Structures are given as structure tokens and as C-alpha cells.
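Data block below; observations after.
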Amino acid sequence: MSTLFQQLVNGLTVGGIYALIALGYTMVYGILKLINFAHGDLCVLGAFIGLTVITSLGGASGSPEIWVVGLAFVAAIIAICCAGVVLEFAAYRPLRNAHRLSAVVSALGASMMIENGIMLIWSPQTLVFPQGVLPQISWHVGGVVITFTQLMIIVISLILMASLYLYVNHTRFGTAIRASAIDQDAARLMGINVNRVIVSVFILGPALGAIGGLFIGLYYRQAVFDMGWTYGLNAFIAAIIGGIGNIPGAMLGGLLLGLFNALAGGYISSTWQQAITFGLLIAILLVRPTGILGERVAEKV
Amino acid sequence: MSQEMSHTGPLLKLDNVGISFGGLRAVDQLDFAVEKGHIVGLIGPNGAGKTTVFNMITGVYKPTDGAILWKDRDIGALPPYKVAQCGILRTFQTIRLFSGMTVLENVLAGQHMQTRQAWWASLLSTPGQRREERDLRERCMAILDRLNLADVAHEPATSLPYGVQRRVELARTLAASPELLILDEPAAGLNDQESAELNTQIREIRDSGVTILLVEHDMNVVMNVTDRIVVINFGRKIAEGEPLSVRNDPQVIEAYLGSDEDEDVA
Amino acid sequence: MKEQIYRWAGPSLWVLGLGVPFALSANWISILALFAIYAVVALSQDIVLGRAGMFDMGHAVYFGVGAYTTAILNVTYGWPIFWTMIPAIIAAALVGGILAAPLVKLRGDYLLVATIGVSQIFHLAMVNNTAGVTGGPDGIFGVGVPSIFGHQLISQGNEYLVDWGLLGIVLLLMKNLEHSRLGRVFRYLKEDELAATTLGVNARYYKILAFALGAGIAGAAGTLFASQLAVVSPGAFVFTESVTLFAIVLVGGQASIPGVLLGTVLMFVVPQVFRELAQYRYFAFGIGMIVVMVVRPQGIWPRRRRMG
């Protein structure tokens, strides 16, 4: 029984990270109907920038001061937001009226570029996050271990998701985002600056993604240049489970996928865990392509 | 005796047909029949459910109630391609030509069901396949000729003027040798001269042995070419009969023609 | 005149290619042999993606099925290479058709995502040594060379000619496709599926056929790939390969034979020539893909509008 609860805690941690990254996919898809394949790699770039700040300011050994960790997050967020905006401006905006596949290829190209850019700047090897970046505290509750890192990831993810939800549903600009997702032309006619909305989505998504990426680094204590595909695809699957384009759906999908992966890996087979995840993805697409919470169809007949 | 031979009733019969989308009842308890060799008009105000009826007949939507009988056989559950194989062919309210393809290539699509070549013959370009391709092109050119489209046969279809595109779509549908031709607002967007030509073409098509069911707003077309008219409003039939009697039906005038007469006065 | 040049340029280039083993160095022969194999795979991807308009991002799977079929039959059961090509084509076409049967009802991005899933599952299945026949992460070594009438085609030049011959056959098939019912039906489905079905086209049948056909041709290329490299491992059929094939069609030009061949040159031949810069390969590809799409969204060499 305690194994089950341990898997649930682990699953919730990873699920929180997936949800943060999934939000970036779903917000862009909601408005541009584009799978931003580069999003996973942007998140990984965030992890590398954060790691660089931590190792250069905090020293390779010992625990860095709390402000160094904070600075790592701030630096990663700022850098990834800038990268997101540049990406939108250079790779996606010129293709907004082109055939949808052209933008997909551009996104794939951006993904390759960022992924291999990370490899060229940092290293093709796996980089290790120093021990003790975060307090090495853990709690034992009836045989279940919860580390400080896990608790932090779960709590911060939930706070961020709740804030985003409130922002999108209860502010003027949030309404503009939702309106643009439903009908860009109508939103434009109502005086909404759709370009500004799109840029904002390329700021919000990467900001959350950078945090998610850094969480991955801190949780697994390592980062490798090509992990964007793995985490990106999982987060993307999470977005689909919840209903692509649907913001609360991405949150729910992330948490559910984290739990599903932990249980499938723990109880069925760890070597086949990813295959099971993709099998789930295909099954969902066939049975309910709009996801759990989704109602809008991605493509009109 | 085959079923085909024994069939004596109407070609197409809608029997108590209805469809709901979510909670919305788009068409309800609709009955009407199309006799062989007739031109039947389906009219009604905007949003009355006319195109929905066409979509049900052609298999795009599945009716939730009732039966659609084609020569006494229920075709309500058939997918669109099987409905087409029965000999029921349609055009669309918003023209749906294959963009990036020439007029001839579009019309060749209509000959799909008449084409015999197997997929591997297509790949290997067998002598029989090449002969068939030549014949297909000749037949399609003949159809284009009939509709005065031979000059534009090699033009990209979607770059042509609107009225010409309508004729290309008609040619494509005729190339499929329909028994029943369903036209969804064939005169929409046509000028007076083009719409007059359309009247003649529709009669010619009927005289060549094709039964026609059409939705049209242009009363000039409806009153001049149809043998029978079915009027629907809010998804229900409110009148049916010959053009003249329908025109004088008070219920129809109130629901539909009333606004037209206002315009006439003004 | 221009029409004539266009008609004869392709066949002339292919005939010229027959002279490669006699004129060029061993290095170039092996590069062009791989070009021929990858060009066949890219053309088969184009059938599904560029012609029938289905977003298939798992095409390396069928290439892999063909290569593994050949490797297993040749290494484990001692079949001659040429004989393995038939089961390789059948196996790949079956996998393509069977996977497509449920998947073709998905549209656009949904199909794309589902085929990504298929690609990942295939890769994992090969790595995990499913049924104990795929050799796990290392793959299968010692795939033999083809033989004709008992003569083994040991020389690199002879193997090249076999690859070049397959490319020639596939180019001919693609050319035939352009003037046939099958090729037109694929385009009708790509442009407007609803209009096509109301004209009597059984969309599901033709979509599955497109997948099976594309997969079968990729499977044939897989046989020659296994023989050319003498080893088949999961690494050759990873998702990145599928992405590259997908990109070849769009960067080159959908449904354009010269476009797809040009795309193959850019994505497979150019990196072979600049091998010392290998680590920059995908970085440069990434930038290149963005630039080409922004400057020429239809691809570098788009399909010519035929006026005939």
C-alpha cells in the first residue's frame, strides 16, 4: 500500500511539471492551431541557463544561498521568454497565412536548432546539478517519503496553475486571450489586438515552461540537451489528454499523465512505460480526440 | 424479375425523416417524394433546413428518425460514397472544386465510378490503363463542350470567375452519370444572363433522362423549371404541390414568399 | 522546347547515374548509394504526405520494418537478400495498412500526433528486443550482400547499381501515378475529402491504400539499406529520421519529384559530404528548415502546375 502512495507522490510531482509545460503547448495551439514543437526544447534551455547561474554563482560544492536559486529561476524565465518571443517573431509570424504544414516544419526546425544549439554551447554529455541546491529535507509519512524538492514542485506548480487560471478567466486581458482562441477575426473586429495576445502567449507559455524545465533539472539532478523531446512529448500528450487548446484541461492532463506514468512504470513495466503512454495517447485520439475537457475540434471538416 | 425492374414507385421517398443536433431539431417529420423524370424544388426561408435535408439524402448526415428510400431501399445509413454509387450526385452551396487542379482534372473526378483501372494498373501504366485514360479524357471533354467549358479545360479551376466555377461543378457532377441530380442553390452568385442559361441547362439535363432535386432562392429559376415544389420552414413541410398552387398558398406566402412580394412592390 | 527539356532531364540524369561506379571514388559511390535508398523512402513518404495529404510523421517505421525483415530472414534463416525483399515489402505494407486502418479517420494534427506515437512505440519495441528477434539496442549484424544467378554482388559498384535500379523503378511508378486514377484520387482526397466522397470515392479505402503503398515502397528500400550497411539497429529508425523524411517532402516541395529528390540531397547527401562538421548538422538543418519555410512556404521546388 505504501508503494502505491509513494508512486502517487512521485506521479504528482512529475505531473505538476508536465502540466506547467503542457500549458505552453495548449495556449499556443488554442490561438494559432500550431503544435509548437520547439516548446519542450525551450524548457530544457531554461534548465541549462538555471544550472549555469547556480554553478557559477553558487560554487560547485556546498549549498548555494537561497537568492542564487531565486536568481537562477529569474534568469531562466527572462531568457526563455525572450527566446519565445523571438521564435514567434522569426519562425511563426511570417507563416501565419501559409499552409499549416509550413509552420509545423518551421517549428520542427526551431526545435532542432535549439536542441543542437544547447549541445554546441554546453555539452553533448549529461550535466549534473550539484547536490544541495535545495534543502535536503524529507518527511516520512507512514512509509511514504516526500522530499522538500517534491513538495516545492507540487506546491509551486499548483499555485502557478491557479494564478494562470484566475488570470485567464478573471481579467480583461485574459478574456482577450480566450476570445482570440475562439475566433481570431471576430476578436480583431471587437478591437482586440490579436498580435499582442499572441506575443503574450509566447511569454506566458515559455515562462511556465522555464520553471518546469528547471524543476526537471532540480528533481532528477541532471540535464541533457536532447531531453526536450521526451518531456516535451509527454507534456504534449498531457495537453491532448486534457483537450488541446483547453487551459484547465492541460493542468488536469498533466497531473493525470504524471500519475498514469508513475503507476504504469511501477506496476506494469518500466521498460515499456513510454510505449504504454503512447498507446494511451493513440487510444485517446481514436476514442475521444477532443480530450477530457475539450469541446472544440482542432480542424473543421 | 429483378428488384430494379419491379420498382414502380417514386425514385426517392423521404418517410417521416428527422434529425437533431444536440437539442436542436433541425428537420422534423419530413415526407416528400421525387418522381422519376421530374424537377423538384425544395424551398424555404434561410435556416429552414434545406441543406440539412440534402446532407441527409447524400449520406453526409445520418437521419435520427425515419427512412430515406431510394427505389424502395433505405439508404439513410449509407456513407456518402455508397449513396453516390446508387446514382445520387450533388453540388454544394459553397462551390467545392479541387483547388490547384485544372477544370479537366476536376471533371475527371466525376468519372471516378466509371473508371475500371485497378490501383496496380495505375502504377504500372498498363496499355489498358492508358487506353482508358484517353477515353476518360474524351468523355470529359465532351461534357465540357456541352457546358461551353472546353476553352478553359486546362485552366486551374479555382482561378475562374464564380459563374464559370458553378458550371465546372455541374460538369463534374454530370460526369458521374447521375440518376438523381441534387443541386444546392445552383443560381447563387450568377448574373441574370447566367441564371437564364442555367434554366435551359437544367431542362436539357432533365430531358436527357436525369431526375433533379434542387434548393434555390432565385424564384425565377424555381418557378420556371420545377414540376413540383416542396416548401419547408423550421424543418417541417408546410406545403407541397405544383409551382402555381404553392405560390398562392397563404401559409407559404406568409412564411416565405411574403418578403419577396414586399420587394416586388418596392 | 522547354517542355522537352523538362521531360528528358530526369531520365537523362538517371542514365548518367549508371556511370557513377566507373567514374567516381568509393566514397562518392557509397554516398550516392545511400542517396538512392533515402530518395526511395522520401518518395514513398511523399505518396502519403504530399499526394494523399495525410500528416504521417512515422514513416521511418515502415523503412525499419523492411530492414528488420531482411536482416532477420537473411541472418537468422539464411535467405538470399533479393528473396527477402518480397516479404520485406509485404510486411511493411501490412504494418502500414493495419496501422492506418484505425488511424486514417483522424484528421490533420491528430493523425500527426498519433503517428509520432507509433514511431516511438516501434523504436521502443526494437530496443526491447521484442520476441527475441530484433537484437535489442545493438540490432542485427552481418546482413549479407545481394547475389544474382549465384554471383554475389560483392563490389560496392554493383550494390550501388541495385540501389540506383530501385530508385529508377520507383521514379517510374511515381511518374505513372501522375497520369492515373490512383494519383488523382489521392489529390482529390487531399484537396477536399467531402467533395471526393460525394463523387463516389471510398475515402477510407484509398487512404489505407496510400499508407500501405507508401509503406511497401519504404520496405523495399529497407531491404537494400540493411544490405548496404550490413547492420540494422534501432538508431537508424528513430523519430528524428521520421522528422527528417517529413521535412524533406515539405522543404523540397509536396508532390514534386524533383523537389523531393532535392530535399533528399540537402538532408542526406550534404551532411555526408561535410562529415567533419557532423556536430553542426542538425543545428544547421533547424535553421535551414525555418529559413526555407519562411522564404518559400511551398518548398524549394514546388509542384509544377501542369497545363496538359
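Going in written order, the chains are labelled A, B and C, and every chain counts its residues from 1.
The rule is simple: a residue touches a chain if its C-beta (ideal position, glycine included) is under 8 Å from a C-beta of that chain, and two chains touch if they have at least 3 such contacts.
All values derive from a computational prediction rather than experimental measurement.
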### Task
Specify the chain most distant from chain C by Cα centroid.
B
### Most centrally placed chain - per-chain CA mean versus overall CA mean
C
### Query
What is the distance, in whole Å, between the centres of chain B and chain C, each centre taken as the mean of its C-alpha atoms?
42
#### Entry: Whole-Å gap separating chain A and chain C, where each centre is the average of the chain's CA atoms
33
### Query
From the C-alpha centre of chain A to that of chain B, how far is it in Å?
50
### Query
Can you list the chain C residues in contact with two or more other chains?
194
### Query
Which part of chain B faces chain C closely enough to touch in the complex?
58, 60, 79-81, 83-85, 89-90, 92, 96-102, 105, 108-110, 112-113, 115, 117, 119, 121-125, 129, 133, 154, 156, 172-173, 176
### Residue ranges of chain A touching chain C (in the complex, touch as defined)
33, 35, 90-91, 94-95, 98-106, 108-117, 119-120, 124, 229, 233, 236, 240, 271-272, 274-275, 278-279, 281-282, 285-286, 289, 298-299, 301
### Summary
Listed in rising order, chain C residues that touch chain A in their complex are 55, 102-103, 105-110, 112-114, 116-118, 120-121, 124-125, 128, 194, 239, 243, 246-247, 250-251, 279-283, 285-290, 293-294, 297-298
### Interfacial residue positions of chain C with respect to chain B in the complex
173, 176-177, 179-185, 187-188, 191-192, 194-203, 209, 213, 305-308
